[in-house]
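Shared between the two complexes below is chain A, which pairs with chain B and chain C, respectively.
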Partner chain A sequence: MDDLKDVILEYVIAEYGDEDDKITYDTPLISGGLVDSFSMVSLKRFLEVKYKIAIPDADASPEAFDSVHKIAELVRRFTA
Partner chain B sequence: MPAASPSRSPSWNNEARGSSVSNIGSFDERVRTFDWSIAERELEYTAGSGINIGWYCADRICAKGGAQKLALLWENAQGEEKRFTYDDVRVYSNAVGAFLRRLGVERGDRVCLFMDKVPELYIGAVGVLKIGAIAQPLFSAFGDESLHVRLENAGTSVIVTQRKHASKVRKILDRLPQLRHVVIVDHDGARALKEREVAFRMEAERVETLDLCPTTAESPSLLHYTSGTTGMPKGVQHVHYSLVSQYLTAKWVLDLTEKDIYWCTADPGWVTKTSYGIIAPWSLGVTQVVLDAGFSAEAWYRLIEKYRVTVWYSAPTAIRSLMKAGDELVKQFDLSSLRHLISVGEPLNAEAVVWSERVFGLAFHDSYWQTETGSIVISNYPGLPIKAGSMGKPFPGVTAGLLDVQTFEPITAPGVVGVIALRPDWPAMMRGYWQNEATYQAKFKNGWYMPGDRARLDREGYFWFVGRDDDVINTAGHLVSPFEVESALLEHPAVAESAVVSKPDPINMEVVKAFVALKPGFSPSDELELDIMNFIRKKLSPLAMPQAIEYVASLPKTRSGKIMRRLLHAKEWGEDLGDTSTIEND
Partner chain C sequence: MVYSDRVRDLYQGQLGGIREAGLFKQERFIRSPQGADINVEFPSGAEVKPVINVCANNYLGLSNHPEIVQAAHDGLAKRGYGMSSVRFICGTQDIHRELEEVVTEFLGTEDTILFPSCMDANAGVFESLLTKDDIMISDRLVHASIVDGMRLCSAEHDTFKHGDMGHLEKKLQQFQDKRLRVIINDGVYSMDGDTAKLDEIVKLAEAYDALVFVDESHASGFIGATGRGTHEKCGVMGKMDIITTTFGKALGGASGGCVSGRREIVEMCRQRARPYLFSNAMAPVIIAGVLKAFEILKRGTELRDKLEDNARYWRKGLTEAGFVIKKGDSPIVPVMLFNAKLAQDVSRDLYAEGVYAIGFFFPVVGKGQARIRTQLSAMHDRHHLDRALDAFIKVGKKYECLGKTEEEIVARYGL
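Right, the complex of A and B next:
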């Protein structure tokens, strides 16, 4: 069980998913059109609030937010 | 508009263009000799006869030998691909039209198209227009409240949507008694259809014939919603005669020919996609590509390489995002097919023009227009020198100028800032705001239409964008009404009052910022900020979501109690606060 990834996955499903989406750790979020660049700002804010971190804009790229797996990696970099 | 008789012709192919001469040729000569009848003749339209955009976008191309030519190359994020010939567009748009008629849709009824970039949207719009109904495209990321006000205002009788967006419609169905049917284009039977829902599979049947509605030049065609400073969104009414403008501007500004592979990256909920992602390319018999996926620089370059895209119409926000992705990525793809690049939506900064010239060997040409104008009115043109950062010159046949911001008298001196003004006499100019005559009339002064932007002119007659003439926020090329966001914020349980302004953003040009005063019992916190952001995102849209929230004890107001948004805007942009003598002193 990966707590960090599960927390992020649960949040993404609740906030950005719909009844037909089957979102997993590796589902493309940005390039797949589930989370647009504007909504990515609220996702980044969630991570910052939840994990009490500050993610610089330079690190908040569409690629870094493109899956729950990648987002978890990003968060780990700032919480380590 | 006779019945179509599809046949193959060798002239309808996508062989590389053999000549470097642009469609427009000499810009100055075009200005000198211009007449809209040029387009009418090419479209074989004569004043007073029938004109139906839907027929022009499919049946006419087939009748002229283009039936087997590809009209649409579509793929999505999952890698699914579909190809539609012009004959496919013809028979499937017939199917859409016939189905809507069976549902009782009549001429003049509003049919909302609320979908992602799926083929049903593009071909569906053609079908709606063929039966004389009014197509009402809406941005599929709209939240339920944004959707509700637009459907209610338009009195929409049918909405065509996808399973994934149906839940938003269900939430507001009780408040929309006039909405008779909710058409689901991808119903898979896994869940039962709900109240007023009906399933429709566009490709289930090829419908060879459809009685075309005998629309004429002034028959309503499209209803696009746009935001203003005050009040609810306005429905911009267009007519079938708009085709004449859209056809010729696409030919002269986008330089489209039947040999091109064209990609317009706009979202189908906005006017760019209907004018230049459906009507213009298809009336010209052009093959276009559509990528139904979120933004990814790599995926975009891959698409251009894969389909050998030749003409690319995009937006400054996307171009800046590509710049951010870096030059090295560009080198990994063969983009040599590109021959003409155009941009729209917001002012194109000079850096983006210089960058595109360096990495693609081609400069993006900025074009300027808006929902109300229906087609490009000011632009840079093939063959005309580009002044990086400039909007360009008025399209031949469009009279554009600047008016003094106080007196509304014309400005001719170079370098002086004024409001952009247009003589409203080109074919695609809006015919009104839906049931809002007063607001429509307020857009005109002394016979000029004012789009709401400020600019200055240089000595060569190029326009240079300065800024909006009102409080509307242009984020990534989409207009957001501060009033609409402020109204929605008041529905949040913690918000006592708010003021919404734009904030500079390096990618999106502007983003939404909200100043919020909380109700007693609520304290500022990061968690509350996130809650407010998500509240607006779901209620209105991700575009309208404040990307920054600043808690304030109270908002600056005039003595009469009006919130001084101007002061907050000036603060965000580092501008002079101006006259503050009317501010209320507590």
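Right, the complex of A and C next:
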């Protein structure tokens, strides 16, 4: 499962990180102001394509996307 | 009457939270017309204090221009006070259409529709044009009103890193399966003062079959050689598909805004944009004032040239004094302090020194990006700028942030 988290972390850093940001598994992404709720779209799309899943909009809440750890949990729910 | 103690407590708790977070906004009462020199009562009940204003959007100094004030008086006499109607019922006077034609000619577009504000234009434009089969790709620093407009629209939305053309290109590639792609930008970014690279954006739009949207609220009237805006500056007049802008800043500063662009797009807004369909026509008195503002702009470029000179002088003065400022060439000059409390303290001390400039911090700007946003005006004369610079230097010395790098300021005050 760490592989999953690392894939997500790598994507999040490339997509949203700046040079100075130290993003970890537990960094608050949306509540911490790193990711705005609009930018979640590309992340959701990336996960759906990569893991061949469909995340319903109701589950794609800002809370569920608020850290790499939480995103990994969400993906796990749909790949299980 | 169901406003129970429970409800009162709920809101008092929320307001308390806003205060504790240092985010509580208080209005300052100005006891004079808008201008470079204003008289301010702050806090409420305090003695009225004359200060130099360096935080208005009064870029061309037209907010209290005598010719515009007179034109507004004349408009009031000739066309009355209010319309008591939306445009499409019985709210359209000849001067509403006249202003739409003047704006179309000025911006170099095909047609224009007026809105009560640019906030309303941005709220209405996306939902009028796009469906769930489309994608809106916006720069991450676009104005809050655009964000709200996108929220009201059923199209999918995504963002690209601020000003990052490579990232935008990737997004355009990623969404080639969509019916329509719209690239969404501010012309001049209001918090940073930098401008969109519209020439590069147009090339990408052509390569990937996308529409270009730009909000010119902080550009119309003064950016570009004749003040047409960012598209003039970037050499892409006629290439913008959708421009929104305001009359509430450089163009007289009262209120009102518009969508200007391709003929069919404007017509779709006239048929579908809810803030146009369900709110009153702009008041005739304001239309008359805005028409005069455009007439003044047509006469020559003196005001925007003076503004440009002022911006250059101000940026040079702050830089030489040792402040960290955001690079750019617009009249929006952010003085970077990084720490929210420091920005508030500096703003308060500047006011004590007779300079009105406001601190901005998260969530209005990114965390650790607190600043004093200064804005120049053609109303400023050298003596205003020199006095304001003296005040900035005095306060900067007090907080020991002159000649310091970002790292040094952050090391001392934190983020």
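The rule is simple: the second predicted complex is superposed on the first by the 79 of 80 C-alpha atoms of A that agree within 3 Å, B and C clash if a C-alpha of one lies under 4 Å from a C-alpha of the other, contacts with A are read in each partner's own complex, and residues count from 1 in each chain.
Keep this in mind: a contact is a pair of C-beta atoms (placed from the backbone, for glycine too) under 8 Å apart; a residue touches a chain by one contact, two chains touch by 3 or more.
Worth saying up front: this structure is predicted, and the values here are computed from it rather than measured.
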{"item": "Partner chain in contact with A:A64 - chain B first, chain C second, else both or neither", "value": "neither"}
{"item": "When both partners are placed on the shared chain, which of chain B and chain C touches more of chain A", "value": "B"}
{"item": "First (chain B), second (chain C), both or neither touched by A:G32", "value": "both"}
{"item": "First, second, both or neither for A:I23, with chain B first and chain C second", "value": "neither"}
{"item": "Partner chain in contact with A:A72 - chain B first, chain C second, else both or neither", "value": "neither"}
{"item": "First (chain B), second (chain C), both or neither touched by A:I8", "value": "neither"}
{"item": "First, second, both or neither for A:L47, with chain B first and chain C second", "value": "neither"}
{"item": "Chain B and chain C footprints on chain A, overlapping residues", "value": "32-33, 36, 38-39, 41-42, 45"}
{"item": "Interface residues, chain C side, partner chain A - complex", "value": "138, 140, 147, 150, 156-159, 171, 174, 362-363, 366-367"}
{"item": "Of all residues in chain A, those that touch chain C in their complex", "value": "32-33, 36, 38-39, 41-42, 45"}
{"item": "In the complex with chain A, residue positions of chain B that touch it", "value": "77-78, 116, 141, 163-165, 167, 191, 292-296, 299, 321, 324, 475-476, 507-508, 511, 526-527, 529-530, 533-534, 537, 542-543, 545, 547"}
{"item": "Chain A residues touching chain B - in the complex, by the definition given at the top", "value": "15, 18-21, 28-39, 41-42, 45-46, 48-49, 61-63, 66"}
